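In the two complexes that follow, subunit A is the common piece, with subunit B as its partner first and subunit C second.
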Partner chain A sequence: MSFFEGGLFWFTEGVLACLAIIALRTWTQDKGIRMPFWKWPVVCTWVLFLGVSIAYVGTSLGEGERHAAFLGAVCAAVIASVSGVVVWRLLRL
Partner chain B sequence: MATAKAVTKNRERLLAFAIVVSLLAGWVVGWSRHHSDVAGFLQQGLPDAVRFESEQDDIYAGLTDAQSESETVGYVAIRSAPGYAGPVTVAVGLDPNGTVVNAVLVRQTESPAFFRKVADKGFPGRFKGKACSDPFEIGDDVDSVTGATVTLTALTEAIRLACSDIATGRLGLPPVVRPRPPIQFGLPEILLILLIATGFAAHAKKLPGGPTIRWVVLIASLVFVGFVWRRPVSLANINSLLIGYWPGWQNGVYWCVLLAALLVPAILTGKTPYCSHICPFGAAQEILVKVGGSKRQLPPKYGRLFKILQRALAWIAVMCALIFRNPTAISYEAPATLFTFIGANWQFVLLALILIASLFIARPWCNALCPIRAVTDYLRLLRRNFGR
Partner chain C sequence: MPERQLRVNRRTLIKAAGATSAVLGLSGLGLSGYRAGKAPDSYTGCEGSQGAAQDFDRKRFAVDTPPYEKVGPTSRADGRTEVIFSRVGVARSAAEKGAKIEDLDEPFKSYYAQHPEDFEFDKQNRELRRKVREDSEENRNRYILAEAWAGAMGAVSPRSIGNDPPEVSDFPRQGSREPFKMKSPAATAKLIKKVSYEFGTVLVGITKLNPDWVYQYPSSRRGFATDEPIEVPKHWKYAIVVGTPMSWDPMYANPTYGTSNDAYSKSRIVAFRLASFIKRLGYAARPHTPGNSYDLMVPPIMVDAGLGEQGRHSVVITPELGCNFRPAVVTTNLPMATDKPIAFGVQEFCKTCKICAEQCPSGAICKGDKEVVRGYRRYRLHSSKCFNFWNSTHGSMGCRVCIAVCPYTRKSNWVHKTALQVTANDPTGLSHKMLTGMQKRFYPGPEPSDYYAATLGGKNASYREPPWWLKTEDFIAL
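This part shows the complex of A and B:
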């Protein structure tokens, strides 16, 4: 069983997601950015998408589906970049 | 100052002339290399034949042995029909009863990914055993292939032509009367003409609310020309014209309108409303730059370098197409990858880089790599130097 198909991978993903949210909270406080309630689900959804993308690429590689992993990585990179810019602009509202 | 201008003008003329000469040379080289040796294909078309006798109209009689009074086991015809990026040529063997013994591909210049779809379904070998009196209709007696209709239509038409010519010309069978194929002029063609007319009017500032109309046309073009019909202008279309693979107007109305919208204004006025007002990939980039909120252009220093790269790549792609007589000999166009989701791995990476860069820089593909822009720039150069 590859690393990406095991529980340790998802545990790591969960830890990284928590760290990302905590870091965001600290950063917004430092910068004085207002964080009303609707911004949190937006950011969390984006972080979740990133995690699922990494999982998709990892599990595809684990199953020997290199082409699917590659296409998934390219699509996820574009979607994450575009949505990341949108989230970034929303954060600054 | 006047001398510097004259020197630049002379350099431009020399460059324009050199490009014309190189393209002509490429065309001549390609034409002189274009000789297909059909002997191997004849044997595949009619495996039982020992030797072949060349007859008129690219039809060969297959004979049983080397004796002069040997028996004819069938005929093989070489026929072509226009595909997406040039003619699809096949060799078809028929026995004396008018049944297809075998059909083999002689030559094609379709995009590899599209032809692979047809080949993966077993064509043209699947025509084996068909009678020349069959209708050869896709969706009727010939299974369709999703996403490669034009290529399969060309293949089927070439095989039907070969069967028909052998049956009527050699076997004395009555000709199969087929209804004349309808002229392809439907909703896509009408909407395309409307889009182009509106885009041109907005470009000429003949309409109130020009910028809004421009956005409406761009988004409609992105949706219909890009994602629904998946047929934006590509360098392969221009290469096909240069090589001489003109589509029949009955099934090429869409291409004729689209290419005319691109090339005619560039030749007559030096301006190309297609790029700024109609191009679906331009629309995608403009939407992304709006999302990114940036108004940056390529820095002039790099802009010039990319311009040289853009034109050099386009020249190499056109030269290769002419020399190998294959419109898609070199293809690096990101729009095709976006709209068809077909391409090599590096094409997907290039597309991703272009889309991400579009968030921060205005139209990076158009300004740095698009071969269509290089072609229209060259037409403008020709017009400026030799037009009057």
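This part shows the complex of A and C:
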């Protein structure tokens, strides 16, 4: 079993996610952005979409489906960019 | 005093959090260790024998009646004429002698009189094979490794069951053993499934045998007279269906690089082992195996046994392997608990998908609605057109493009498992259209005509590139 299939991988992912959340919190405090509870699910959903998109591209490449990986990357980039602008505006509220 | 209280509270909080973390962490280690010890993928090198791949939750999709429609009086298939391999030799001989349909013997005369189009197709395949061989040496040599691999996969096979009638060949040798009394049908079914996995199957299901699926006349002798109807033996009460996958990478490189021989061979071995196991318990058992050693039609038996649903291309679609498998059946009188059929959305999906019909180079798969065939509503497959394409391409013989392009035929990873769960649980059918659209755009195939050999107007195309180990040009100095 490779590292990426094992529990240690997901443990590491969890540690990294915690660090990212702490960093996000610090960053928003420095920027003077208020973070009420409803903003956290919005940001998490956007990050989750990004993560799933990147995983899809990786999986498609692993399967040898380069065309699917390319189209997936393009679609994800467009959706992530548009939704990213929306999320940013929501954060600034 | 207030300062001291705050310090104590913080310390208490930290201690409680530490203790909780320790308990959770140790519990997590314990659970993780338990999973590592129990997980099927810990059986290094023997993962397949643990049944781990048959992991779809069938109980949620179990139905009381199989997902096919009986619409009128039924009849059984004539194995002599409705099985392409049984009739094609007659048409070839007729082509060589210049004979017409009226010159043929029965039952072929009647069959071809009713299906004159089939006669024209069936006469062509030897000529098509000759034209393929006229292709350039460079094109022919490209498939040396694929043909060697297919041949090697077919090199090991159990011996045939002989030509004794089922009343003799299916039973343990006379006086060798009385049937052991089994404790319960449920326990027997569990045992049979477990040993089937140990024998090498990936999928297994059990059903009572519906006599409609037994050929009316045999497609090969196997103890039956070819000119007498098969009277379904009384001891064919149950059918155990097993299935093993074809190697995934060559399968995606069909029609030229793939082979059915690997799964044929594995399923044959499983079925013969299973029949031997059952006979040693004193019960009757007969294996029905590829290629063409059957006395019955396998796909509807697979449906009855809850392994999947029959798709537009006539191949059964299973949740785990899609249609990338080759099945075998063992008929027996060993009493067992049976499985229920499942309906996980395939009938609805196939209505709109049609990718197999669009990609089929021979046009054998219908793009229209279901028709009534022998009293059951199903998609009709034009086997003569299909078999002619087998003879129109390089490689190990056969096609399997419909299997490779089917959206259900995907490897086991989170992307395809998620798509499967979405389609299976969507009662609206909206996801079917969306995912079919994605499949067509994200995973396109060549033009259907490109699958033909160059000498027949094609480009020797395959659905996907061959795996590195089947690229002849990288290993053999030509």
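The definition used in the following text is that the second predicted complex is superposed on the first by the 73 of 93 C-alpha atoms of A that agree within 3 Å, B and C clash if a C-alpha of one lies under 4 Å from a C-alpha of the other, contacts with A are read in each partner's own complex, and residues count from 1 in each chain.
Following the convention adopted for this analysis, a residue touches a chain if its C-beta (ideal position, glycine included) is under 8 Å from a C-beta of that chain, and two chains touch if they have at least 3 such contacts.
Predicted, not measured: the structure shown is a model, and the values here were computed from it.
Chemist: Taking the superposition as given, does A:V74 touch the first partner, subunit B, the second, subunit C, both, or neither?
Modeler: first
Chemist: In the overlaid three-chain picture, which partner chain does A:R89 touch, first (subunit B) or second (subunit C), both, or neither?
Modeler: first
Chemist: Thinking of the overlay built on chain A, is A:G64 touched by subunit B (first), by subunit C (second), by both, or by neither?
Modeler: In the superposition, A:G64 contacts subunit C only.
Chemist: One more residue to check, A:G32. First (subunit B), second (subunit C), both or neither?
Modeler: neither
Chemist: Taking the contacts subunit A makes with subunit B in one complex and with subunit C in the other, which residues are shared?
Modeler: Dual-contact residues (subunit A): 67, 71.
Chemist: Once bound in the complex, which stretches of subunit A touch subunit B?
Modeler: Contact set of subunit A toward subunit B: 67, 70-71, 74, 77-78, 81-82, 85-86, 89.
Chemist: Taking the complex as given, what residues does subunit A use to touch subunit C?
Modeler: Within the complex, subunit A touches subunit C at residues 1, 7, 55-56, 59-60, 62-65, 67-68, 71-72.
Chemist: Mind pulling up the subunit B residues that touch subunit A in the complex?
Modeler: 288, 291-293, 345, 348-349, 351-352, 355-356, 359
Chemist: Flag every residue of subunit C that touches subunit A in the complex, lowest number first.
Modeler: Interface residues on subunit C, with respect to subunit A: 32, 41, 411, 413-415, 441-444, 464-465.
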